[in-house]
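In the two complexes that follow, chain A is the common piece, with chain B as its partner first and chain C second.
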Partner chain A sequence: MSSPTSKRVVQIGPFHPLLEEPVGFSLGVEGETVVDVDARMDYIHKGIEILAQQRTYDMLPILLERICGICSVTHSVCFCNAAEDLLGVEIPPRAKYIRTIIAELERVHSHLLWVGLAGHFIGYNTVFMWAWKYREPVCDVFEMLTGHRQNSALPMVGGVRRDIPVKYFDEARKTLDMVEGKTQMLTDAVLDDPVLAARLKGVGVLTPEEVMEWGVVGPTARASGVDTDVRRDEPYAAYDELDWEVCLTQNGDVFDKAVVRLLELKESIKILRQCFDRFPEGPLNLGTLHIPRGEGVGRYEAPRGEDIHYLRSNGTNMPERLKVRAPSYTNIASFKASCIGEKISDVTITLAACDPCYSCTERTAVVRAGADQPERTFGDLVRLSQAETRRIAAEMGRAPDLQLT
Partner chain B sequence: MDANVLAKEMIEHFGEDVACVARSFKRLYVTFDPDELYPVWDWLQEKLPGLRFGTSTAMDLRQGIGVFHHLPVNGTPLVITLKVIAAKPDPRVPALTVKVPAAGWIEREMTDLVGVIFEGHPEPHRLVKAEAFPDTFPLRRDFDPERFKEDIGELPDF
Partner chain C sequence: MAPIAEWLFFFLIFPGLLFSVLLGLVLVWVDRKVTALVQWRAGPPPGQPFWDVLKLMGKEVIVPAQAWAGGFLGLPFVGLAAAGIAATFVWVAAIGIAPSFGGDLIVVVYLLVIPTLAVIMGGAASGNPLGAVGSSRDMKLMLAYELPFVIALLVAVFQKQEIDGELVRAGTMSLSGIVEFQNDAGSILLRPSGAIAFLVALLCAHAKLGFVPFDLAEAECEIGEGALLEYSGAVLGLFKITQAVLLATLPVLLVTVFWGGLTLTTLGVLAFLGKVVLILVLFVLIKNTNPRVRIDQAMRFFWGPLTVLALAALLLAHLGL
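Presenting the complex of A and B:
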């Protein structure tokens, strides 16, 4: 074990570019190796759960969309799933397809965002620029179909609020063709690049046992070979009518987490094309529903993993309790398993690999700094991570960026 | 496994210690005394290999503080909700973190917001509330925002 003199604590956060919400990480470090991780959360506690007790069921999807800036569809549809579980109703087919379309568009732009940021953290800034360039048209399609780049305000209990314009499907198909080609290019480039393989394979490994222990969900779990996907396990929306596959890899390291997301991008595009082709006619919702006393659990496969909402109703028009559990909540806690034993230059990408949402301010300082210990910022951590990539690239005699063609 | 089948097997094994309600084939709600938590978790984990800790809800019920652990099972639509009710005014339940580390954060959060003490929790310090936050529980029914404002004063003028 570590002696008190050899262990130092590196504080990351509470403001941190890897996280949409501020989180404080204390890394216990011995030399270059991380020996302990502790997290401190809820610096911007929004009080959504208590607010939810003061909103009617019709207002709630609008409020819950604002939990996350990236997964806006996630929380509103998950809440609707919980309410529909309580009611025991099935929504009309057209509503199912609309929910599937907005959910998968969200997954595509969310995964592209992650690919770009992951590239940046290891010093592959071309990937960052390109991935974000291809993300923009996807957000435009989202806007064409719903009227907004992020918050669609479409889901409601018992269906969807509005229709989406079918006339834009051709335009959407063209964008998807373009994105599919570029995703294939990125996937090939990632799989072929020896520097990436040397940099990311074997880093931040989560074993299947650790995945079950820490309750890890989504692509982070699937990269370790744990076969879990709510879209298949408990089909909501139209997923049971469509032809698609759950993407699995076996190694559980950062490389596999990237590969799973790139493969999922292609599956999402496949799902979207089928939705456009099979888009059914019919009503959009079941009208205004009275929610009786009872309780329901809703699940939803967000881009980052399984989202859970627990809804308890007392028969009034507002919930008695709504519990929201976003996927990052369990994925971030698993850093205790994935970061310990890693080098400090690998921590950035290990933290990023479970795709916590991103923010724009940061502060990192060495807490137990001696007189000769300089203060470190998060920028230093990113630079350390990028320098590691450059070192490996130089050893292999390659350019320190992804070779895209 | 169908929730109705699992409910029958649980009642066979635990007898009258547990009350099972299967609201559909994929949702099972099990209510029992806090002392039964570890035996029920061990039994379920052995029975269902894909059992995973999802999250927990704590809420202020009239008869006590309810702690509901939601446990999805990988590969199936089943979600099992284990319900324990801790008596007020000093609500205590055993910490599930002892069995599954995934419960660590949410149990700290429940302690912060609703004031349930999880006995045996390895890291019982605060997660959500700031250190300066007084020892009141914002999700309790008797939480009074006006009184809270009086106690801590207005926010400093930035």
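Presenting the complex of A and C:
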């Protein structure tokens, strides 16, 4: 993206109270109106894709869980979808239901997390604290069923690794009843609050045309009335056997993006209840599978939208290439459409409204050397930083803490 | 004591700077504790605001290279001094320890503007673009809330009293005059005009304190503390103390003007403190049940409904209600 052309630039990030992760937004402003937005997403590139090429298929779901702090199920199941697409196999029913259960639990706690954060971003800290308080029992259920509140390490190519304890389903149902009640309360509070409506309606609007043009996915697209959901369009896990609906709202503003997520929360709880009721018997996985030469694509409806994993295998036990396209990657680009022309105070909540997850999204970036800035290699940077360390150490009158070359 | 020495004591020790700062920090704790209870958190121990300020006092003060250093470092002192003098006048009138001069209400209103001005100018002096945005927001907000605030305070001045079957305007421009009037005629708050004016003044004071929904000058998620962004160490501590002094002054001003003064008996002091804490809790509840509004919405709110309400209250007061 080009750099802002206006005179004054308001920098949001790379470290900013609005952002839970490092990312840089440069807002070109005239007065309080934003006329340009530029994003830099290269602060926490983790090199997952190259690491993935050095792991066996059995180890990969464990690694891919760590792409994102919230969507741990998303990336591992999405990879399994890709591998199973390559293999052309169907997993056992029990594995399908287990994947659905952990996926929907993840959606519930992820949406509650966003509701809280969105409240915080518009200065409504009470909502922040309350939403996170209700999120906590959901994480507890996740821990009861999988052994960990975030990373379950359950999915594997051809099914799931372990069973989940059926004896905790009653406890889980109770928690879901509680969360459903509280979600209803939050939904009513949002819909009825005149100040929230004044603050969020008509802000950061994405029209359906803009949604299509920028390739926006997930709840952000559904808030604009674009009927898209991978769970229904290309069913994986057990979604085609369950009774649920895709939630849509029409206005595409921040208010509707909040409402659509709250509605989805209730839909997820409905799916979870059905999974608990219909939980089938049977094997957990297809055993050890040899992955032949070929390529496969996995699609998955993450809490933030459609996640895509592309897998190419050369017949060895490690992938030749794994490409991850997280939902935020396309959603962030749409800020050009939703933020320009808004006030600074509205832009911050608009930036947050697509529930961006920068950790999944960040890429390496090449920052081009300007006229006054020499291009530096990694070695140059090491030498520069060592010279600086020596200078500081000399100023403090002692030897450097580290041995320098 | 000579009058000057006496007033120096009033200003520096009681009920001015020292007392207001200590009381203000206690009230900051009440604010934080009640907020925590609303949000189902434990909240800080009573000493926390003191330790926070003490810690800030010991931290390094960094002056940005692009800042106007004199203004940047001097303005916090101006703000604190003004808040301290305002606190002195308000408390002296509330307790009635010294006769207040006619028109001290006007002086207090002016003095209460200065801390906000100090923040605005400090933000502008810092040379930070976000600070400039914060300053401009603060200035717009101040222009917005001062109008209904002053009109609401005038309602107390224009109150009428029935003396020998005839309505006489008994209010004065002096705070102690208003307190005396209420001693004769009962709290202004209990009259229709007073109740409306109190509500308006409460919301304006809320904005003056920079609480949500009117915290847009600080708005850490949008402009990262705004005008205070570049401040650090002791000068930031001074702004925090100023904030605490305002927190100890504005509820007292509201109680004094609309709800009677302080009688120096145990019951009287307790009732007075109860009223102050009640107003504070009202502030905290408003703060915790609203999202931040936009600056244009805030200005429309203050210049629209609130100014109309304040004018209506003034009319009612003129009619003797």
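Heads up, the rule we're going with is that the second predicted complex is superposed on the first by the 343 of 405 C-alpha atoms of A that agree within 3 Å, B and C clash if a C-alpha of one lies under 4 Å from a C-alpha of the other, contacts with A are read in each partner's own complex, and residues count from 1 in each chain.
One rule holds in what follows: a residue touches a chain if its C-beta (ideal position, glycine included) is under 8 Å from a C-beta of that chain, and two chains touch if they have at least 3 such contacts.
Quick caveat: nothing in here was measured; it's all calculated off a predicted structure.
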item	value
Chain B versus chain C as contact partner of A:Lys96, first or second or both or neither	neither
First (chain B), second (chain C), both or neither touched by A:Met212	first
First, second, both or neither for A:His120, with chain B first and chain C second	second
Chain A - residues contacting chain C, complex	8-10, 16-18, 29, 32, 119-130, 133, 193, 195-196, 198-199, 343-346, 348
Footprint of chain A on chain C - complex, ascending	35, 38-41, 129-130, 133, 136-137, 212-213, 215-216, 219-224, 288-297
Parts of chain B lying in touch with chain A, wherever the complex brings them together	23-24, 26-27, 29, 50, 52-57, 59, 68, 70, 72, 74-77, 79, 81, 100-102, 104-106, 109, 127-129, 138-139
Chain B partner contacts - residues on chain A that touch it in the complex	39-42, 45, 47, 49-50, 85, 88, 212-215, 226-228, 233-234, 294-297, 299, 306, 308, 310, 312, 320-321, 323, 325, 329-330, 333, 336
